[in-house]
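Each chain carries a letter (A, B, C, D, E and F) given by its place in the written order, and its residues are counted from 1.
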């Protein structure tokens, strides 16, 4: 995730223990994302009425597609957040430039 | 044997690193929570394995809306804190001007 | 929060690393409370049907009031818990005094 | 070079501090969870920014009820543990009196 | 829980800090389980309409039975997971033996 | 004063232990989550304090189903990662064969 890597890279100074810390960030963030995907796809694909312990064909196909769409949404939201934050920064810089222009 | 001020400097740096560690971890968790929320809100059918145009629009609106919600909550929280601080200062003034 | 500060103060012995630990307690407790307020007010104020990415006026006003009421409920529950625990302690002491009185 | 028992004492103190650390953090998390639960249960309208009398009563009942629920769960859990320990001891006795 | 203890035991090498770590695993796992039981039994036993702050007799009895059944389900799921994983291991070993048999 | 490679070896061992620590904690949390989920799914009445035959069957199916769900998610995730890696490699090849 571009957003995660950027946040982790901004925080980690150079050095051996820093790269360990960055690896820990990524492991924790990945585990969190993976567990959310596991739970969300269970909610959306596994029927509430349990007839047996095996997955039906429909449930298995649903899971495959759910995983693909979950990861795609991760990427899509990451891109949107980057765009929204960039737009905010540009608005703030424009407002600051206007304020500076008014003073002189 | 380290001089005391060097030890204190190292402690402060350790504290600053630890706090930054918590901050980065919270920011990663917050992003994961947002992406999960928008997936749950916007994706309900699995006839294909690609996001539809509608699902992408929903995801984008969901993300932008939550970002603006976060901004508004931060603003509201800071204002509430100011009100509480102002009223606590006012109460203190009243108490100090009353002993007779 | 009175309840949080008291719990944190009871646990922290004096010393430099102890004040660091107490600061960590407060940061973790605050972050947890803030995230719950963020999610609760999103659930209560942001409509399920997303028409666009901006906040409506109604949603913005709702968020302001939701934040105020969430913090007020935190304080109210804290005071109630303090009262309930004090009442329990007094009942236990009264029962103990009665038991001691019966023995002599 | 520390004597072994001093090192072990320091270790034990570090363990005791760490466990107390976990306990304090859990107690703070538990309070936050209760306050959040009672807000979700009791507050649904936002025509003003102050808690109504009804919302305050609901919050107080919610908090007291959860506290008593916690007490009952603790009591029930300890009784279950005793039953399990008693039945495990009984099973062990039966096994020891059977080898022939 | 057999499943938890086995996972913790597999991970812990011998030594003093290892037994501390294993104790920490068990405390964290127990606290997590206990909190889930607390929340689940509150959801299932405490009525949504709050008439007062005390527990009704019905609520108190429900909590006792809910705790017993929650712990029983923990044990039951643990046994089932052990059985499922054993079955998987046996299937994998049988498949491997068949593949080795085919090569010679 | 330690030799650099000994210090690095100790660091690596500390890292490996820490990662294994995270793995064990995650596996314990995952089990607790499954047992809680199956309790919520399968147990709704409390006329007795023992699991009925029906509740036990439901619990067993719930656990087995979630285990197989976990396997399928893992398989699907690895396949998606391969697709992304393959398409990234393809993009890189196209970029390298185009500079004119």
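Going forward, a residue touches a chain if its C-beta (ideal position, glycine included) is under 8 Å from a C-beta of that chain, and two chains touch if they have at least 3 such contacts.
Everything numeric here is computed off the predicted structure, so don't read it as measured data.
For the pair chain B and chain E, there is no chain touching both partners. At the far end from chain A, in terms of centres built from Cα atoms, lies D. Centroid analysis (C-alpha atoms only) places B farthest from chain E. Measuring from the averaged C-alpha position of chain C to that of chain E gives a distance of 29 Å. Chain B and chain C have Cα centroids separated by 17 Å. Shown for chain B are the residues in touch with two or more other chains, namely 60, 62-64. Across the assembly, chain E contributes residues 28, 37, 45, 64, 68 that each touch 2 or more other chains. Chain B meets chain C in the complex at residues 11, 15, 18-19, 22, 26, 30, 41, 58, 60-66, 68-70, 72-73, 76-77, 79-80. Taken in their complex, chain C has these residues touching chain D: 1, 3-4, 7-8, 10-11, 21, 25, 28-29, 32-33, 36-37, 40, 43-45, 61-62, 64-66, 68-70, 72-74, 76-78, 80-81, 84-85. Chain B makes touch with chain A in their complex at residues 20-21, 23-25, 27-29, 31-36, 38-40, 42-44, 46-51, 55-56, 59-60, 62-64, 67. Residue ranges of chain A in contact with chain F, taken from their complex: 16-17, 20, 23-24, 27-28, 31, 34-35, 37-38, 41-42, 45-46, 48, 50-55, 59-60, 63-64, 66-68, 71.
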